[in-house]
Every structure is written in C-alpha cells, then in structure tokens.
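Shown next, in structure tokens, is the structure this report addresses.
Every chain is named by a letter (A, B, C, D, E, F, G, H, I and J) in the order it is written, and numbering of its residues begins at 1.
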Amino acid sequence: MEKIKLLETFDNQFPDRDYSIIHTAPEFTSVCPKTGQPDFATIILEYIPDRLCIELKSLKLYYNSFRNDGIFYENATNKILEDLVEVCKPRYMKITAKFNVRGGISSIINVEYKK
Amino acid sequence: MEKIKLLETFDNQFPDRDYSIIHTAPEFTSVCPKTGQPDFATIILEYIPDRLCIELKSLKLYYNSFRNDGIFYENATNKILEDLVEVCKPRYMKITAKFNVRGGISSIINVEYKK
Amino acid sequence: MEKIKLLETFDNQFPDRDYSIIHTAPEFTSVCPKTGQPDFATIILEYIPDRLCIELKSLKLYYNSFRNDGIFYENATNKILEDLVEVCKPRYMKITAKFNVRGGISSIINVEYKK
Amino acid sequence: MEKIKLLETFDNQFPDRDYSIIHTAPEFTSVCPKTGQPDFATIILEYIPDRLCIELKSLKLYYNSFRNDGIFYENATNKILEDLVEVCKPRYMKITAKFNVRGGISSIINVEYKK
Amino acid sequence: MEKIKLLETFDNQFPDRDYSIIHTAPEFTSVCPKTGQPDFATIILEYIPDRLCIELKSLKLYYNSFRNDGIFYENATNKILEDLVEVCKPRYMKITAKFNVRGGISSIINVEYKK
Amino acid sequence: MEKIKLLETFDNQFPDRDYSIIHTAPEFTSVCPKTGQPDFATIILEYIPDRLCIELKSLKLYYNSFRNDGIFYENATNKILEDLVEVCKPRYMKITAKFNVRGGISSIINVEYKK
Amino acid sequence: MEKIKLLETFDNQFPDRDYSIIHTAPEFTSVCPKTGQPDFATIILEYIPDRLCIELKSLKLYYNSFRNDGIFYENATNKILEDLVEVCKPRYMKITAKFNVRGGISSIINVEYKK
Amino acid sequence: MEKIKLLETFDNQFPDRDYSIIHTAPEFTSVCPKTGQPDFATIILEYIPDRLCIELKSLKLYYNSFRNDGIFYENATNKILEDLVEVCKPRYMKITAKFNVRGGISSIINVEYKK
Amino acid sequence: MEKIKLLETFDNQFPDRDYSIIHTAPEFTSVCPKTGQPDFATIILEYIPDRLCIELKSLKLYYNSFRNDGIFYENATNKILEDLVEVCKPRYMKITAKFNVRGGISSIINVEYKK
Amino acid sequence: MEKIKLLETFDNQFPDRDYSIIHTAPEFTSVCPKTGQPDFATIILEYIPDRLCIELKSLKLYYNSFRNDGIFYENATNKILEDLVEVCKPRYMKITAKFNVRGGISSIINVEYKK
C-alpha cells in the first residue's frame, strides 16, 4: 500500500499521439522469501502513456523500496505492473524482469497490460 | 516415471492474466546412448502458466536427473516437454534445447505445446 | 521557432519509389530542466521521403542547437519529430531516442508519424 | 548419386507433433570450379521431421564429401536441400549457407522446401 | 551507362524455386560531391533470382567503379538497385547501404524492388 | 567486528605450491552514506593462499552483510581487503571493486596486500 | 582559474597503502575552437591517492564545466591532469581521453604524472 | 590411481625446441562434495612438452572421469596438474579452471608447474 | 614528394612532458600494384610529440592521397612512418596498419621509430 | 619437399629497420591421420623480416597444399615454421595455430624461432 505512494506522474504533453517509453533498470534487488538470500534483476518497463507519464526519479525510489522485501519473481513482476497501471493508467504497458542465475538457471518474467 | 516426481509446482497467483515465464538452464548434461560420451546443452523453457507454476529448485533437480541417462537429443527435448506439460498443465509451453558441437556440428531442438 | 530554420532539404530524386533513410546520431546532448545537469542520447531518425530529403549537415546543426536547452526526454523526442515532419513532409517518420543511464535507469522514447 | 548414399536416417519418435531441428555446421568446404581455390561456409539446416530424422554423424560425412568437389555456391546449397529432402522427406526444410569473404564480398544463400 | 556493362550474369539453375541470395560488400567507397571527401559504406544486396544470377566477381568490379565518382548516398543506393534490376531481372531485390559516420551521424538507405 | 565473523576458512591442501584463486561476485550492493541511495559493484577477489582458503558460501554471506551499510567506495574496498587478510592470512591478495555508473561516471578501486 | 575551484577532495583514509582509483566518464564534451562544432570524449582518470581523494560529484561538475569551452584535444587532456594534480597531489595520476571520430579518425591522448 | 591410467602420451617430435600447447575444455563437470550438486568448469591446460605430448582423446576421457566424483574446486585443479605432470613430465605446465557461478560468485583457480 | 606537403603541424604546448597521442583511421584505402584492385586498412598512428604535433585534418588529407596509388602493404606502412617522422620529428612513433582479408588472409604491419 | 617450393619471397625494402608482419589465415584445413576426418585451424604467422618477405598469394597456396594431408596439429605447426624460416630467413618468427573443437576440446599450438 505504502510502496505505490512513492510513484509520481506528470502530464503527458502529447496525448493525441501513441508513442512508447522504455525505462531499463538493471539494479533491481529484492530478497528470496524462501532462502532469505538477495535476488537481482533488470526490470524493463515499456508503456504507451495516456494522460500521465511516470516520473523517472520516483520510479527509481519505487524500485528501491523492494530492496528488503521477501517476494517471489512472479509476484514482484506482476505487482510492479499492477502498481504502475494503477498510478499512470496507460494505453499499454509491459514489464520484463530478467533475474540473475540461481542454482544454474536464469529467469525472465513477461507481463502485459492492454487497456 | 521416477524422474517426473522430482518436479514440484506452486499456485499461480495471477491466473486471470496471460503472462510468460522463461527459465534458461545452461548446465544440462546427459550421455550419448551410442558413444557413451557426455552431451551438453542449454535448455530454455518458456511457458504461460494456467493454475500452476514450476518450482525453480525442483526444475534444477529434474534437469540434473538426466546426468547419467543415455538419451538422444530429440528424445530428451520431447520428454522434457511432456513431463513439464503433465506436471504444470500450462496454457502454452516451448522447449528450446541447444546442444554443444559434436563432430563439428551444433544442434538445436524446438518443441512446442499449445493447450 | 528559430531551431527549425536550421533544417534544410533537397529534392528526392526517386519520389516514385518508397524507400527508407536512417540517420543515427550518437552525440545528442541537452540539459535536464530540473537538475541543470547535461543529458546524453543517441537519436535514430528513420523516414520514407516524399518530395524532400533532409540535408545531413543541417540535421547535425539542428541537433547541436539543443546543446544548452533545458528540455525533458519526452518533449525533446516529440519536438524533433514535429519539426522534421513539418520541414520534409515525409510519407512516414520515426524517432527513437536512447538516453544514457540516470539514477541507474536508461530510457528510450519511440515516436512515429504516418501520413 | 554416390554422395546421397552417405546420408542415414532414424525413425522420428514424435511424428504426431510438429517440432523443428537445427544443425549448424561451420566447417563446410568445397572448391570453386572457376579458380580451383577452396571455399568455406557455415551450413545451417533447419527442418520439421515427418517420419524420419537425419542421423548426425552421416550428415557430417555427407558435408565432408564436398571437400574436393568443384561446385558454385548456389548449386551446392540447392543440391544439399534436394538430397536431404529426398532422404528424409520432411514436412519443412530450409538450408542457409553462409560463405566466407571472397574478393571483399561474403555471400548467403537461403533455400526452402515446403511439403 | 558504361558502369552497368561491368555486370555479368549466369543462368539460374533452379528457376522453379524461390530462393534468396545475399551478397555483403563492406568495402564500397565513393566521393562526396559536395566536399570532395571519400565516403565509405557496406552494401548488402539481397535478391530472389528469376532466370539470371549476378556473377560475383563482376559485382565487385561494378562496386569498385564508384571509387572516384561524386555521388550522394541516396542516389548511389537507388542507382545500384536500378542497374542490378535491369541486368538480372529478379523476382525481388533489396539494397541496404550502411554509410560510415560523417559529422557524428551514420546513415542507412534501404531500397526495394518487387516484380 | 561482527561482519568478519561471517567469514570461514578451510585448510589449504597444497601449501607447498603458490597458486592463485579468483572469486568474482557481480552482485555486491551497499548504500551511499551521503545520498542514502544503493550502490552496486562487482567485487573481484584474487589471492594466493598460505595455510587457509576462504570458504565460498561464507564469502557470499560476508558480501551480503554490506547490503544495508552506508559506506563509501574506497572504504568498502579497503575494509574487504583488511577483513579477508586478517581471516585467511594469504601470501598475496588483491581486491578490484567495479562500481556502476553514478552521475555518468563509473569507478574502479584496486587494493593489494603482499605478505 | 575558476574551473579548478569546482574540484573538491576528502581525506584518504588509507594513506599507508598504495592503491589505485579509476573514474571513467563517457559523457565529456567540449567545443572545437577551430570549427565551433562539439567534441565528445570518454575521460579515464586513474590515480594513486596520497593524503587526498577526489570527490566524485565535484569531478562531474568539473568535467561539465568544459561543455561550452573551445579547446583542443591535447590541451584539454593536459589541463585536466594539471588541475587534478594541483588539487589532490596524488602519488601517481594518468588521464586517458578517447575522442569520438572526426573526419573518419578517432583520437586518444594519454598523459601521466609521477610524484 | 585409476584415473591417471586413462592418460596416454605420444613422443614429442620437436624436443629441441621450446613450444607451447594449449587445450581448452569447456565441458568439465564434477560434483560438489558438500551439496551433491553438479559443478561445471572450463579447464585450460597449457604446457611446454619435453619428451612427451598428451594424447587429446585420452585427455578428454581423463576429464570425463571426474563426472561423478565429489571434489572441491581447488583440489580438482591441483590434482589435474599433478596427474598431467606425472604422466608427461613437461618443461612447464599451467592449469586454469574457470568454474560457473555458484551463489552469485564465479571462481577461477590457476596452478603452475615449472621443471 | 608532393604527398608529404599535405601534412601540417602545430606547436606542442606541453614539451616538458612525455605524453602519447593515438589517431585511428579505419578508412585508409590504396590500390594493389599487382592486381589493380583496391586495398583497405585501418591505420593506427601512435606518437610522443617533441616540439610539434600533427594537425588532424591534414593527416586525413595525407591518408586520402593514397586512394589511387599502387603500393604494397609493407611499403605503404613504412612510407607513412617516414613521412610523419620527417614532418613532426617525434620522440617516438609507431604505425600499425591492419589490412582487410585478401585471398582468405588478413595482414597487420607494425613499424616503429625511436629518437 | 614439394610443398616448400610453393612459397615465394620478395626483397624487404626496409632491411635497416626491425618491423613486424602478421598474416592471419582463418581457413587452414588438413586431415587427422588417425580418424581421416578434416581438421580446421586459424594460422597466425608473425615475423620480423631480414632480407626477404613472404609473398602473400604464395603463402595462401602453401597453406592450401595441406588440404588433403594427414598430419597432427603439433607436426603441422612445427613444419610450417620450419618451411617458412628456411624460405625467408627472418630475424624472428612465430606461428600460432588455433584448431577448432574436437571431442569438446579446442587446441592452440605456439612455436617460435629466433635468429
């Protein structure tokens, strides 16, 4: 609940045009709820804004807020999508989360939202 | 028969949404049934979960169980698909197995399942 | 208003044929209006000319004119599209602006125009 | 005629499913019929098996049999497709042959077969 | 007029099949008509032959003939397409010309021909 | 004081021979004491063991213990060297810490110890 | 004179040990005094601190101050060395400045200081 | 004891000259004695032969014999050196073993022998 | 004789310090005196200036003057060294010329001058 | 005996200066005397000429002459060195032969000659 309040938006100056924005954040980290060990991921956010754009610094602070959370890959990725959709109500949004190797296996989660 | 029992699942928390999960395992190894020599592959599993997700550690143990099996490329790849489909009943699944050079030739097998 | 006057065009010698031109400029720089710190981007311009092509040296001078402007990513990218469309009236145009890492996050803006 | 006899097949264990097999052979060499100089290529074979799969070692020997043949790029690529189609009667097959630089120019030939 | 006479063809041995040929020439050079300075490009020719294929050595000599010509990027790329189409009358042809950085900007021209 | 207790060692089985061990940890993270923002680094530890080797899992836990510490680059790197030297008393040790871009600048710190 | 005042230092906490610090800044830009066109470079600063270390944010501001200066490659690189040596009085310092392609030629300047 | 018997040698034809031989084996695998999980490494063997060279196929079989052995990184690397030195009595030998990421850390062991 | 007159110099502002300058020119082209076919090379010039530095634009024109000269690799590289040494009388100079593949073989020539 | 006669030389025009020449040939192929299967290698020849340089086309023909020879890696590399030393009597020569993967292992042979 708290987490989502970190996100800020600004008015899209070009609402008549469909265009896409991609923010790639290679420094996402959270904690595995099973082992207590840290997880690391690159989060790629792609969206087509409607009325609102996501403010970049607030996005960084939002991602940082996961630092000490115990959360599974699939849940973190879906939660990020849901929070960002709720805050900026985009025409389209996609989250790609690329998690580092654990036990010899790396993982990617892709979640999409269409208005 | 034994092998498939290594696989565990957990409940998909977001069954209302189609999203994809990719697990890349570059440390798969089995044995060539003809020559007795070890084979090495990267196994890329991509799927859209329905009710169940594949638990990552159990997936690793499942892959490891092929270590001393004598099995051909095509058979290993198809068997992995069939076991994983049986266990997690996904909406969609694809296995891409990239085998290392043997006799100057590298090989890739792609197998797909659609509900 | 001034900025757009830097852009020059020449006659497309092959107006009967749809063909595309891509100019990649990795040395774009402007200033963040919030922090006053410089931003850096690669601007990729792709278009299908109609009657007019964009003269390359004038494009460089046009990009250089942003050097000391305070302007946000999204606004810079959309403004470049609008200026270039106004000047060369293409059949199709796309601007891809890839901004360097700020606060651990890199950003790409994609804007398109179709006649 | 002789050459094709080098190719061996084995029964496809999964004929009910369309799946693809890719064999990449970076050590193909033949001789230019014009200059007598050796040519070098990577041959990428992709196919969807029907009843039969191509045995990997026999494929290597088949490719090796071109070693001292004088044959043009286009002819070698088309002949490989025809021989492999004749022997394994696939649902789909594609040969991509990437030839090394000659006279400052590298060449790729793509040939496809659909049942 | 002269230039096109450098191009030679040979009979396509497989006219019943659509297949593609790609020749990549990274050593193309001409002269900028404005500054008199040399330009450098990689020319990628892709085509589906009909009755005739382009002879590789003659293609090299044809490209070399631009060495001291003063010609703009767009004109060189379109002229190459027109000459090659006239000589080999393909089912499909595409020229991609990737020009080196000038004034901090690199350029790509894509031109296509469909029968 | 606490932190160093996380480190464990095991007996070097080959003390008569000088040999080197390199452990590369790309998932080091701490916090900037000035801004409170997270820092990320790859820590490369190279050493020649004397009587004792560093146990790998304990090294991971030791690195993880910096996760919420506010510490400058130079201090973190020197402290890691000092702790590891104290615990395993090597013949030679070198720490290379490669920190991610901050304010458009990436940083590397190299510290060495010789017996 | 002004420019050098932007640089700040902090006390080296480990003066008894020789260790090296490398700061890589890929976003340096100045102006060519001859053509008035912008130049772009990556500045790599390597030094062994004595009593003082260079504060990272002040280094960024110092580099930024060259943004609208007309200055030749060789002079910029030597001036940076002299200013940094004056301010932090290191045991050793090296500046490597890698300038982008101009007229088809890229340039690197290496300057060193030894106490 | 058994393991070393897999290694075969042949006479060095050029004993009057110091020259080096490097064999890189990216498919080494053993088992972690602690966790029972498989480990994977690339083994780089470099040596200057004296009277004897190591036969390549026997080297492969020797490496394969570690497949189901429980052995630590440092011990495997030192044992390989000792076995190979005993069998071929080289003028110089070096083993570099690059182990895959475990717990977010990759490891390299370098061991050398000089006559 | 003419060619060398294209080269211009400017005064080294820092003659009291040994520092190095590297100019990398990937667009050098000349003609093979045997076949009449064009050759392509990257010329890397590294030098320590004494009283004089080489002016960059004049260096480009000097390199361009080889465009239609028939000259062997070894001779071109040595001549460039001799001309540049004569004009700027450096403390040290090195020319590395990397020629593109001809007949399947690429070539590098390294020539050095020490005062 | 025959093979060496393929090699031709030309007079070194700059015998007063030590300079190095490197020819890299990635298309070397011979036959394994044990298995009859083809081997592939990149041969890197580096030398400092004395009175004579090796003519490039003759070098290609010399390398091509190994195409159907049954010869081991070590022997091929040493023989190439000996033939080239005998023909061009250099001040220094080094052959590096990088052989493709066989049985999962790639090999490099380095042989040197000093006058």
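To be clear about the criterion, a contact is a pair of C-beta atoms (placed from the backbone, for glycine too) under 8 Å apart; a residue touches a chain by one contact, two chains touch by 3 or more.
For clarity, every value in this text was computed on a predicted model and none was experimentally measured.
Colleague: Would you mind naming the chains that touch subunit C and likewise touch subunit G?
Modeller: In this structure, the chains that contact subunit G and also subunit C are E, F.
Colleague: Interface check for copies subunit E and subunit I. Shared numbers divided by all numbers used: above half gives same, below half gives different; which is it?
Modeller: Both copies, subunit E as well as subunit I, present the same residues to each other, with over half of the numbers appearing on both sides.
Colleague: Which chain has its C-alpha centroid at the greatest distance from the C-alpha centroid of subunit E?
Modeller: Relative to subunit E, the chain whose C-alpha centre sits farthest away is F.
Colleague: Between E-G and B-H, which chain pair shares more contacting C-beta pairs?
Modeller: By number of C-beta pairs in contact, B-H is the larger.
Colleague: Measuring from the mean C-alpha position of subunit B to the mean C-alpha position of subunit E, what distance in angstrom results?
Modeller: The computed centroid separation for subunit B versus subunit E comes out at 45 Å.
Colleague: Express in whole angstrom the distance between the two chain centres, defined as the mean CA positions of subunit H and subunit J.
Modeller: A distance of 28 Å separates the two centres.
Colleague: For subunit F, jot down the residues that touch at least 2 other chains.
Modeller: Within subunit F, the residues that touch at least two other chains are 26-27, 37, 40, 100, 103-104.
Colleague: Can you work out from the touch definition every pair of chains that touches here?
Modeller: Contact pairs between chains: A-B, A-C, A-F, A-H, B-D, B-H, B-J, C-E, C-F, C-G, D-E, D-I, D-J, E-G, E-I, F-G, F-H, G-I, H-J, I-J.
Colleague: In the complex, go through subunit J and note every residue touching subunit H.
Modeller: Touch list, subunit J to subunit H: 74-75, 77-78, 102-112.
Colleague: For the complex, give me every residue of subunit H touching subunit J.
Modeller: Checking each residue of subunit H against subunit J gives 12-14, 17-27, 53, 56-57, 59-60.
Colleague: Can you list the subunit B residues touching subunit H in their complex?
Modeller: It is residues 26-27, 29, 37-38, 40, 64, 67-68, 100 of subunit B that touch subunit H.
Colleague: Could you pull out which subunit D residues touch subunit I in their complex?
Modeller: It comes out as residues 37, 40, 100-101, 103-104.
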